[in-house]
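Both complexes below contain chain A, partnered by chain B and then by chain C.
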Partner chain A sequence: MTGGTDVVIVGGGIIGLAAGYFLSKAGKRVVVIDKGGFADGASGACDDMILFQSKKPGINLELTFESLELYKRLIVDFDDSMQFKNLGGMVLIENEAELAIMEQFVREQRSYGLDVELIDQQDARKKQPFLSDHIIASTYSMMDSQIDPFHVMRAFEKQGSKLGMQIIRRNAVEAIDLLGSGNWKVSCADGSSWEAPTVVNAAGAWAPSIGAMVDLSVPIVPKRGQIVLSERIPPIGETNLWNAKYLVTKLHKDSATALSEEEKALGLSLAFTRSAGGTYLMGSTREYVGYDKSTTIAGIKGIINLTLGYLPRMSEVGIVRAMAGLRPETPDGKMILGEHADRPGFFTAAGHEGDGIALAPITGKLLSDLVCNNRIERRVDELSPNRFGGTAHE
Partner chain B sequence: MNCRPIVLEAQHMSDESENRDMLICRCEEVTLGEILDAIDDGFVTVKDVKRATRAGMGLCQGRSCSRTIARIISQRTGRPLEEVLPKSYRYPVRPEKMAAALSKESEDESDR
Partner chain C sequence: MNRIVDHPILGPLSEAEVVHIIVDGVPFTARKGEMIASALIANGKSTFRKTVKRNEPRGIYCGIGRCTDCVMTVNGIPNVRTCVTAVEEGMVIETQMGSGEWQ
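On to the complex of A and B.
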């Protein structure tokens, strides 16, 4: 099929669909192509947090603020709550060493405008009556919010479709070639092809394979995360929960000794969040296992052990399912967003690691502005695909 | 458990106007109408419909309604059942207590 297409988006996860929506809204004729079904990638196997507290001051924290504002606007524009909730979050602290590091971290975040505070054991237990006794303190922020990824994706798809966006599923992109006309030709497994001046690589953890089709190296690696789902139960506390232990080991490398062998091997850290369906999502792992999306008994047990360490009473609650997704990780923890040098019209929007749900709207909006050459209010060059040097893929 | 299998005959499903309110997934309270709308929006496998509507995401994890949903999709789209049904199921196959799950011994039950 030739003509009539302005942008081909490769990958229909939350990022591809957000980009498709914003580009359609800007008047572009968009086709989104995905090799799988609806939400088959990381966007269908993840938590639903718009999380501030895990972020160091810097562009990721700023973008999360901007993205939350966009979500609030979309909720009004779409007349759809997308299950947005604002339960707040707590990061649980287990000892004095963690407390000292978290005190410093919270100070930095506050100076950046994040509404976060430290609370003592007693206040922590008021918000979370089932916490283990060994928790000595906690952070608390009312800003941590959540939104259901499935709802968000369906809403972007529905609103985009109204504006003419096409979505093709179960059809893998296999080749991308630059034509003499300056257009890109995107060829799919079923023999169909699309031509357009602009291609967006929004293939998440698979973005390197799409980059390779045009001889680009896109430095993203898949980092597996497993999650266990509980049965539906009444709320057991006010907020969602994380543990400081993992965060602290990221802030101070030498504190890694605090992790158990199991936690180290699986890259375990606590995320305990109440889902749109009234179940609890318990996670998660951080594993480098290539493109293997399976769940493992070791992973499930590790997550259960971890959760019970903080919330012993959960032992009597049933689990109904486990799932795993591949986070697209970049070397510097920042997404890749922009046009590639020497590949006019070829853009990447991928590499959101553990923040793609939170950052989908702002990514879609910024990408659309970049493609349309609109003036952008903020600096985005630190996200450019060209920041890693050498472009050739050998 | 609050999920009982629902037997749906072909003629019930084609006569939508009367049956749009019929519950197909009892755990998550998803109606036939919501499922038909999702199919018409292009969600054409049991997994797609599940993610788009939450049908089959509840306590029974679709053990009661998956086949019914598969038949509805197949009928409405003409796609064969094999293309519509999920290919595999993952551990845990049935709900179990967190404490009990810790005594699992091998990886055998975890499929891909």
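On to the complex of A and C.
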């Protein structure tokens, strides 16, 4: 089958579906093509956070604010809660060195309008009665929210489909060629092809191989994140939890807080979040292992031991399963969003690393505005795929 | 007491040390070494928990620790599989409502 359409989106994860929905809403005919099934990639193997506290002041923090507002609007428009919850979050602080750095970080975030504060051990225990005694303080923000990725993807799919969006799964894109007409021809594994003036590369960790089809270098590397899931248990505390340790070593490379060899090797840091179903998601690792998305004994053990260090009571809780997803990482920690120079009509929307769920709506909205040439309320140059210099694929 | 005292294959019930447990605030006696589920059935209790969504009663189902239908709150810990957890002297056992509560 061969067909013409307005936009072909390569990749049907949360970013591709969000982009597809917003483009359909803008009146475009959209075809989304994915090599796998529903939620097969990172979008189906992640936590559900719209997390503010981990973000340095800058565009990522700003976009998260905008994305949260968009989610709230979509919940009304779709008449679907998508399991949105607002439990708030705490970043746990273990020593004075971490405290000093987190004080500064919290000040910077506050100056950017994030409602976050430092709380002492006693207040931390009020919110988290089962915290380990060695936690001396914590940050607290009631902004940190969550929304279920599966529900979000189903909603974008359903609402987009109502507007005519087509989704083709289990069909890999094998070639993308520029035709004399100026249209792109996207050829799939089953022999079908689609012609459109606009192609969007929303293939996440696989975006480089799609870029290579049009001779573009897209600097994204897959970073594996493993997550361990508990059985359904009653709430063990009021908020979701992270640890300052990893954040602090990222903010200050020579920080006095030392990561253990295991933490370094696995890129371990605590992310402890309660799902809508009452299970807990415990993470996570950050590993450079190519496209291998298997879970490992070392990763699972590392995550469990890390969690027990902060919440010893979790030793009473059963573990149900583990999963791993490939977070698409960019060199500067910002997503890639925009049209490529010298490739008119070829866009990339990928590279969200661990923020794909949080940033999906704003990514879809901005992409749609870029494709439709709408006036954009904010500058997005710093997300441009052309910021990395040379475009030719090496 | 709901116990088989003379089993056609296993024979007569042997003597066993008595263990005291508290179930929903009521003192029960159990046999040392037996599982909580067995002690509860022997004492005539068949509802171990109520389900999360519809508040329906549940009790023993698989009896071998796989199905997790028989979980209760034991000594303040929710989700304890009573069919594979032995009674202990002074154990406090509660019917679990939904996913229970930490104590």
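Keep in mind that, in the parts below, the second predicted complex is superposed on the first by the 388 of 394 C-alpha atoms of A that agree within 3 Å, B and C clash if a C-alpha of one lies under 4 Å from a C-alpha of the other, contacts with A are read in each partner's own complex, and residues count from 1 in each chain.
Quick note on the criterion: a residue touches a chain if its C-beta (ideal position, glycine included) is under 8 Å from a C-beta of that chain, and two chains touch if they have at least 3 such contacts.
Please read all numbers here as calculations on a predicted model, not as lab measurements.
Participant: With both complexes overlaid on chain A, does A:A39 touch chain B (first), chain C (second), both or neither?
Facilitator: So A:A39 only meets chain B here.
Participant: Regarding the shared-chain residue A:F150, is it in contact with chain B (first), chain C (second), both, or neither?
Facilitator: A:F150: touches chain B, not chain C.
Participant: Decide which partner touches more residues of chain A, taking chain B and chain C as the two options.
Facilitator: B
Participant: In the superposed arrangement, does A:G27 touch chain B (first), chain C (second), both or neither?
Facilitator: Neither partner.
Participant: Is A:G318 contacted by the first partner chain B, the second partner chain C, both or neither?
Facilitator: Both partners, chain B and chain C.
Participant: A:G58 contacts which: chain B (first), chain C (second), both, neither?
Facilitator: A:G58: touches no partner chain.
Participant: Under the stated touch criterion, which partner chain does A:I233 make contact with: chain B (first), chain C (second), both, or neither?
Facilitator: Second partner only.
Participant: With the two complexes superposed on chain A, say which partner A:I297 touches: chain B (first), chain C (second), both, or neither.
Facilitator: The first partner, chain B, only.
Participant: Hey, what residues of chain A end up touching chain B and chain C alike?
Facilitator: In chain A, residues 231-232, 316-318 are touched by chain B and also by chain C.
Participant: Can you name the residues of chain A that touch chain C in the complex?
Facilitator: 129-130, 231-234, 236, 278, 313, 316-318
Participant: If we count contacts the way the header does, which residues on chain B are in touch with chain A in the complex?
Facilitator: On the chain B side, the touching residues are 28, 41-43, 45, 47-48, 51-52, 54, 57-59, 61, 90-92, 95-99, 101-102, 104, 106-107, 109-112.
Participant: What part of chain A is in contact with chain B in the complex they form?
Facilitator: 37-40, 44, 150, 154, 157-158, 161, 167, 169, 230-232, 276-277, 293-298, 300-301, 304-305, 307-308, 314-323
Participant: In their complex, what parts of chain C are in touch with chain A?
Facilitator: Residue list for chain C touching chain A: 52, 68, 77-79, 98-102.
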